[in-house]
Structures are given as structure tokens and as C-alpha cells.
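Letters are used for the chains, namely A, B and C, taken in the order the chains are written, and counting of residues starts over at 1 for each.
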Amino acid sequence: MLGVLVAATSLLPLAYVVVSSAQLPPGEAVDFLFRPRVGELLWNTVRLLVGGVALSVVIGVACAWLVVRTDLPGGNLWHGVLAAPLAVPAFVNGYGWVSTTHAVQSFGGAVLVVSLSYYPLVYLPTVAALRRLDSGLEDVAAALGHRQLATFFRVVLPTISPAVLGGALLVGLHLLGEYGALQILNYPTLTTGILAVYRTTFNGPAATLLALVLVVFCLLLLVLELLARGHRRRARVGAGVSRTATRLHLGSGAWLVVAGLAGLSVLSLGVPLTSLARWLLRGTSTTFPAGDIGAATLTTLGLAVAGGVLATLAALPVAWLAVRHRGPLATAVERSVYPANALPGIVVALALVTISIESFPAIYQTLPLLVLGYCILFLPRAVVSVRATLELAPPVLDDVARSLGCTGAETARRVTLPLVLPGLGASMALVSLAVSTELTATLLLAPTGTSTLATEFWSRASAVEYGAAAPYALLLIALSVPATLLLSRAANRDGLRTPASAVLESVS
Amino acid sequence: MKRVPVLMVLSLVTALVATGCSGDEGPSIVVYNAQHEQLLEEIAPKFTDKTGIEVELRNGSDPELAAQLMQEGDASPADVFLTENSPAMSAVEGAGLFAPLDQAAVEPIPAQYRPQSGDWTGFVARSTVLVYNTSMVDEADLPDSIMDLADPEYAGMISFSPTGADFQAIVAAVLDLEGEERTQEWLDGIKANGTTYDGNNVVLESVNAGESAIGIIYHYYWYRDQAEAGDNSDNTELYFFGDQDPGAFLSISGAGVLAASDNPDEAQQFVEYLTSEEGQQALADSYALEYPLNPAVTLGPPVKPLTALDPPTVAISDLDGAKVVEMMTQAGFL
Amino acid sequence: MSGLRVAGVSKAFGSTRVLDSLDLEVTDGITAVLGPSGCGKTTLLRLVAGFLDPDAGTIAIGDRVVAGDGRPVPARSRRVGYVPQEGALFPHLDVTSNVGFGLPRASRRGARVRDVLDLVELPSSVAERYPHELSGGQQQRVALARALAPDPSLVLLDEPFSSLDAGLREDTGRAVARALRASGATAVLVTHDQGEALSLADRVAVMRAGRFLQVSAPSEIYLRPASPDVAGFVGHATLLAGTASDGTATCDLGRVSLLTDVAGAVLLAIRPEQVSVSPGASDGILADVLDVSYFGHDATLRARVCGGETVVIARVPAGGVPAPGSVVCLRVSGDVLAFPDPAAS
């Protein structure tokens, strides 16, 4: 019941988009959609999607394989370095690049910068999948006369493909909704187009129509991923003994590989961080209004935690339905929260603005509405992670506890909660990471006088006050570090499935 | 494992502190501010010092906040609306959302800078200019009229920010002065010739970096950057159109009090302050470098004086923002 | 009086009838419920444990009716030990905490835990380990220790050894049986493995499609199956149609002498060890050897009677195993079980 309510709430923005699009005279809508400009935006979006996802997958999978399956010098150190770009929000990365060279304000540049930002979304689940992979499979392939490379493509890749596909889907959805980075890279896509139209006409019908196109894109992507994944089973079930894989000896090629990875890190971390440092040190517009920065930091922290807690709590009934009461309704409820994943923050925000003004004026421009917006935006993320976490506490454990004399409450306290709490914590961290760097919805929904690090950063960076933006960028990165650490550690754990690693897998 | 709850509790407390301690006593007003945030953050405290009235800013762009006001209607928490350009003011006025301004607020501003209705008033103005990269273009090669930028000879040379309200105000002036047909042609021409960016700062930076030779912006972006360190403008110079060319258009930033205001007296006081000699002087002394409109106050050098400009005569209430959006959509900018 | 009494219990899920008016009485010792997967044996176990409520019938544990008489007693109050498949140890607790889970708080880490670990023959060195650090067999023993710790009157085991490999299965099975007997608890063991059922249990209840076919001692089940179904399932007997009269019957394997006194159309249940095989053509029925499974101590072979469709399973000593494809001579020795042929009547 609660689950249905949550699902219905998360569908509100989508309903808003569809209903307000439907209210347009069809002729007008067709005229608006079938224009060269829309074609241009679509083309830009599609090629960015293809290029960005492809490059992210190549980088993510190659790095994961190097770290897990070779004797790479400094192996675990590299894992940290390779996961670290997750802590640099894409729009901060874009700012770092653009304020260094304008050459990235092109298709190639946009693909490069977004891939450098988002490849960890492929890398981390792939590392986790590779760690859990039964190396016996590779031994078998070797025994069947396959070389290492052939083994990788014919055995390893198909087995880890659900994780890779999941990561790719995530990258795709992020790219569809990305605003800040692409705006600063001056690369117009559907989402930046929607924002341009919104900013000109507020929530006029034109923007809603474009949003509808974007939503269709998102649904297509979900369906594609489902088709690609097919009915493939999980790599391994049960408590099989984890074997230590033999690592490929890189030999004299090691230094070449290290040089390659170092090059990647220079691009993904070096450029944005150096540029940030440069602006912090010499930026002419660098000012350190400590009071503003402090207030924005506190607000951001508070909103991040509130959003994380609330989204996770809201995800609980949905995930519970999906895990414990499998059936058409549960599937429908669970699936219905996913489209929100690809709705740009501004669509969610404007839906909430309209709905609140028309129906609930009391909560308009209040923090609860902003947090509700975060909840809707990041519910899909919370649901997958909470769901994976709940799967760690199968019903048979409840049975055992009850046969040993536990009441329902005791079972929850002594069995279910200890098993799921760390996972719920990880889920909150994931959502909080996303909330703390959320930009567009915040700009619209934040009450008067409330500004976050992201909005403060953006108002300066978009005015080309790179120096003034720098301290905020630094703090945004600092805030993202803990969640990134949590995820990168979870991915790197051998053997046992921990709640956090389950969260990672579920990301896929 | 134990760390998670501790962290959570800590952060929750932080959240409560962060969100709970913003309650203020005493008179205050909410200003929907589409002017530069930094400017109002400089001016509003001076008003507060003088009157004891606190000012809360909600920042956004012209059309965004205007549309928001129109959607909010009577429910709006706003007391005052400030814009960068006048079309948004006209739109809100057209929706009947303004309360008439007190005479004291409008009197100091010359009549051409405010609508006859008296529902709102201009308080600062900005001039359309070209910025050009001195190593790419000679001043002599720049056109006499902004209309010429649509000619093929400027192909690949110009840049501008069509999504911004600033540029849309310029288009509104062109529309008012040149008529719909010529304006649409002009839009198609500059679209073919130009690179688009988001934001005048970005246009300035791109011209400075040599990505395009000529940019269409407002004057103060260049002067402000020069006043700082010239990071984004040292390779460039400004070029003013004259002769009442549409390219010499002077865009008016407006201020008005909303009919839905819960604090009409304080709101009127705020607008009155903005147009008063004291407020205008504060605006002139600020980082903004926009032209004050109260004749008692002038902007010092190096900014080209208001009196030296030769802008076209445009009836401020005639600028049609909605039509401009339609035409720019038609041209494929939106 | 410890024990379990199930009377007239039925259970359906939707329109699928899983248990059909089932009766079972268990007084002491270990009772195995043996049946193929899907026959309803796990449902029976869950009804007894209290995880499900029966649609009809009563369940009594000891002298207490726990279901079927007013409100069902909840699982937590039935004092039933439960050992699920794969053990289902709590992954976040070490062995000691798992075993002590059902004990009062004060004794959770006390002597009782050590005692039951002794009972299931686990060394004290495992007490601090976590489930993922244990082998499958050890996990099962801990699961049993956990079930036994609160001293239940009845212990339910649901396919407890199915996830173990063969060698481990036998060892663990024997250890579990010893522990159960030592604890004095009555146990119901659900399994689809007849070797497990026959070797560990005092009584075996053969179940199929929601009903019991026979409930008897293991030797009785094997030697005196109550129906052709039981004979086929438990003894791997070859079922052959024949005609009986005067204590003998004729069938595809010639004339055989009967254990039971029936006449007319019959189904003969011939166990593998009753078929003797001699290589080369001599006295008996000729058959082609289809395949051979060699076990070391002996072997079984499948042979098809020459010129017919009948396939017979025979057990042969390790010494003289014929090669697949060769022709052998089959004879039935000893008395054979016969049932009136249900198809004929």
C-alpha cells in the first residue's frame, strides 16, 4: 500500500509531462517537434550517448580487468585512483577542462569529458563482478585451448556483462539528464535545450514536449538494456568457495600499462584538480566569503542527509514488495520508479512547482518540497540498493528465528536489521552523494535564500567567475569523497558479498 | 558498521541546524531578483542599514521569474520584482500583477525609462555593444549597423547568447524598430553566421580566446572584466553602435511592487530607495557599471557616458517578449 | 509424551492441492519423509513448524494441539527445532551466537552452547568463526546445534544434506543422526534421497502427490513395499506385467516364484539383486547389455530382453561385469513381489 503510494508519487512528474503535453493542440506539437532545431538536439544527444557510453565502457572494463586480473604494479592504489573521478561532479570536471582549454567545447571534447566523469559507474560494478567471478571458468577456457585475450572475450566478458550493461545503462541515463557539464562545454543536447526553453518560457508547453521526447529516450534505454540482458542468470549462486584467480603477468608491458593508467588519471583527475588549484591560487575573482561558504556547506550537508534518509525510507516499502511479495503488482510498482531516473532535475522540479502552486500552496518554496524533489529524483537509485540489501535477509532466516522463539519485532531487531542496516547506510550514502551535487532541481525548488554548494558554484562558474567558483568546487569534491570511498571499497572486496557490494552490484 | 549511525545522527543534527536557524524577526521583504545576484547582494544591505528592513533574494532569470510570478499569481510570496531587461516587466504588468508605484519612486526617473502606467520603473540601463578580438578584426571592418551582422561577410565570425534575456531584449528592439519580416531574416542570418553560447560572460571569454572574432553583449560585461584583471577581455575592445541603430539599443532594468505583496509599504520603500539619488549613487559606485537612470547621478570613467550614447527611440512598453520567443523558436535558437 | 500427530491435514495454494487429508503419527526416533521433489513434503514440514496454517485437519506436538483447534500456535511458541536447506545460518553472527540465538539472553554464550557443539561433534575452535568460514558440512552441524540448543521436543530437518557432496553427506548424515538420538528429540527429516532415508531413519514415510503411500521401518519399506509405486521408487525394482497362478507367474523373464499369494494379471517388482546375469548363451532369457554402472564393490547394468522392449536392471558382482553390447543370460532368483495389475482391472 505504502509502496504503491511511493510509486505513484514518483510517477507524478512523468504524469505531469504527459498530461501537459497532451493538452497541446496536436498540430502545434507536431510543428514544434519536427523542426531542424529539435533534430539537431536529438542528433547531438544520440551521438553523445553512443560515444560517451562506448568510451566509458571501454575505459571502465579495461581498467577493471587490469586492476583485478593482472599483476599491475601498485594494484590497489590504482583502484582508489580509478574510482576517484566519482568524487568530482561532472560539471566541476567540465569547469576544470573548459577553464583550461576551450578545445573541449566540441563533440569530441564533450564525449571525452563526460566519459572521464562517468566511467567509474562502469568500472566499479565491473570490478565487483570480476572479483566474484569463479576463476574456474577461465581455467576451463584455458584448458580448452583459449589464449588469455580470447578467454576474456568469450568467457569473462559474457559472464560479467550484466554488471557492465548495468553500468552502461547508468552512464546513459546520466548523460541524458546531464545539464551542468554539457552546458559549460557548450554542447547542446535535449536536456540543455529543455533548460534553455524553460528559462525563456518558464514551464511552457514547448519545454514539456521536449521533456516528453527525453522521457521516451530513457524508456528506450531501459528496454534496450532489458533486451540485452535477456534472461541471463546471475554469474554464480550459492556459497561456492571463492578461488583466487591467477593474475596475468604483465612483465615488461607493465610500465606501458602504468603509463596508460597514469595518463588516464591525469585526464580525469589531474586536469580538473590542477585547474581548480590554479584558480584557487591566482584567480582574480577568487574571494573566500567564509560565511557564505559555511552556510552553503551546512545547507548542502543537511539536504544531502535529509534526501538520503527520506529516499531510502521511501524505497523500503517498494523494495520490500519486490523482494518479499513477488508478483505483477510488485514488479509494476518497482519498475514504475525507474523512469524518474532519466527525468532531468528541472522537469521534476517544475512538475512540483506547478503541482504545489495549484494544489498545495502551503508547501510551495519550502524545504520539504525540495527534499521531496530529491526523493523522486533519486528514488530509483535508492530502490535498487535497498532491494539488493533486503535480499541479504532471505525469508528463511525469519523462519529460523521464529522457530527459535522470536516474535516479529525481535526477528527484525536481531536478524533483519543487523543484516540490512549497513546496506541501508550505503544506500543513503549513494543518494546523499547525488543530492549534494544536484544542481538544476535545487535552483528551482530551493526556498528563497537557500543556496547549496552546487548552486553557488554554478552561479559563479556560469558567469565565468572561475576563481570565485573554485572554493565551492573544492568543497563539492570534499563532500563526495566519503561516499566514493564507500563504493570503491565495496567493489574491491574479495569473496563474501557484503551489503555495500550488493548495493554496487545492484547499481548494475 | 557502528560508524554509520553516528554519522547519520551527526548529519541530521547538522541538517536541522542548517535549515532551522533562518527565522528572522522584524520587517522583511522578498525580492524576486533577475538582476545580477552580486549587485543586489551589494545594494540590499545598504537599504537594510538605512531602513532596518531585511531583504531576502530569490535569484533567477528574467523570463523564469516572470513566468513564475504569473503562475504563482496571488499566492506569490514576492514583494518586489527586479529584472535585467524590460520585456519581463511588461509581461508581468500585462498579467496585472503589479501594484502602482508611489509617486516618490517613479519621479526621479526620466519618463522615457518607465512605462506610462506607472506600474514599474527602470532603475538602471545597459547598452548593446560589440566586443571584438583586436588581433582578428580591425575596428574599421565592423559594421555601422547591427543588422549587417546577418550579411555573409560575417560568416563564422560572430557569437552571442540567444538563450539569455539580454539578447532577447535586443531582438525585441530590432523587432520594434525593423518589423517582423526583417527581424526574422536577420535572425536567420546571424544564426547562419554565428556561434551560440550560454551567457554573455561566455561570449566575452570566447571572443577573448579567439574562438570568434565578434560578440554581441552589453557594455558592462567588458568593463567589469577590465575592472577586475582583464582575464577574459584583454585581447578585446568594445565597439558602440550609434545613430540610433537597433544595435545601440539601451535596455532598461526594471523594478516593481507586486499587488500580492504582504508588505506593500516596505516594498515601495525599496523601489523608492533604488531610484533615489542615494540608491542610484550606490548602484553607480558598485561593481556593476550599469548606467544609473536618475539624472542626478552619473557613472564615472572609464565607462562611456550615458549622454554620449545615441540609442534608438523604443517605447519601453512595446517590447514584445512573447513574440521574440516565438520568432527565435522559428529561427531554431530554442 | 513427545511426538507429532498429524491428522487429516490438507493444504492448497490457490487451486493447487498440495496436501490431501494427510495422517502421520510419530512417537520417537527419526522419521524420514521420503518423496520426489514437489510431492508436498516441505509443505508438511512448514505446516508443522507453524510457518503455514493448514486448510483442514489438526497438528499436535506432544500433547498440545498447535493447529486445527482454534487459533494456530505461532511458530515461535511451538518449541520446534528447524534445520532448513543449506543451514541458513545468520551470516552476521558467529557460530556461538548462531547456536545461542534461541536461548535466554543469559545463557547465550554459556555451557549449553558448548554442549550442543559437542553433541554435533564440532571442535570448540569453530565457535568464533563466521558462517562463511565454515565448510558446508560444518554449517549443517551448526544449524542442527542451533535447533537443538533450546532443547526442543521435535526437530524438523528440510533436505539438510542436499547441498553437500556425496562423501560429506554420509558423514554429516551419520553425525546428525547420532546427535539427534543423543539429544532424545523426536525428528522429522524430509528428503528425496532414499539412501539417506533408509540409512538414517527409524521409520520412513513414502510420500507422493500429497499422500503417504507407506509408513514403515526401512527394511519393511524395502522388502515389503505396499505398492508397485513404492517398490519402483525405493528399491529401483523393475516392474513387469505377468500372469500369476499357484504361487508362480510368467513374464518376459520366464517363470518366477512369488512371495505373495495372488492370481491373474499381476505387476511383478523384481529388484536388481534378484536378477542373476551369466555371460554367454546358456540357461535363461537372452538380453542385450545396454550400459553398465561400475561402483567398485559391484555394478548395475541395464539389459534389454532380446526381441522385446522390456528393460531390466540387474546387479552384478564386481568380478564378472559384462561389456555393453554383449549378450547375456538373465535369471530371476528367489521369490518375487507381485501386485494385482491395476491396469488389468
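Here is the rule we use: contacts are C-beta pairs under 8 Å (C-beta built on N, C-alpha and C of every residue); 3 or more make two chains touch, one makes a residue touch a chain.
Keep in mind the model is a prediction, meaning the values are calculated, not measured.
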Topology of the chain contact graph, where touching chains are joined (line, ring, star, complete, other): line
Farthest chain relative to subunit A (centres taken as mean CA coordinates): C
Centroid spacing, where centroids are CA-atom means, of subunit A and subunit B in whole angstrom: 36
Chain centre separation (subunit A, subunit C; CA means) in Å: 51
Centroid distance [mean C-alpha coordinates] between subunit C and subunit B, Å: 85
Subunit A-touching residues of subunit C, taken from the complex the two chains share: 46, 49-51, 74-82, 84-86, 88, 90-92, 101-102, 132, 136, 146-147, 150, 156, 163
Sites on subunit B touched by subunit A in the complex: 1, 4-5, 8, 11-12, 14-19, 22, 30, 37, 56-61, 63-64, 66-68, 70-72, 75, 77, 163, 165, 168, 197-199, 201-202, 204-206, 209, 211, 228-229, 231-232, 325, 328-329, 332-334
Subunit A to subunit B touching residues, read off their complex: 32, 35-37, 40, 102, 105, 183, 186, 192-193, 196-204, 206, 284-285, 295, 298-299, 301-306, 309, 353-354, 357, 361, 364-365, 367, 421-422, 425, 428, 443, 448-450, 459, 462-465
Residue numbers on subunit A that touch subunit C, as the complex places them: 238-239, 392, 394, 396-397, 399-407, 414-415, 418-419, 495-496
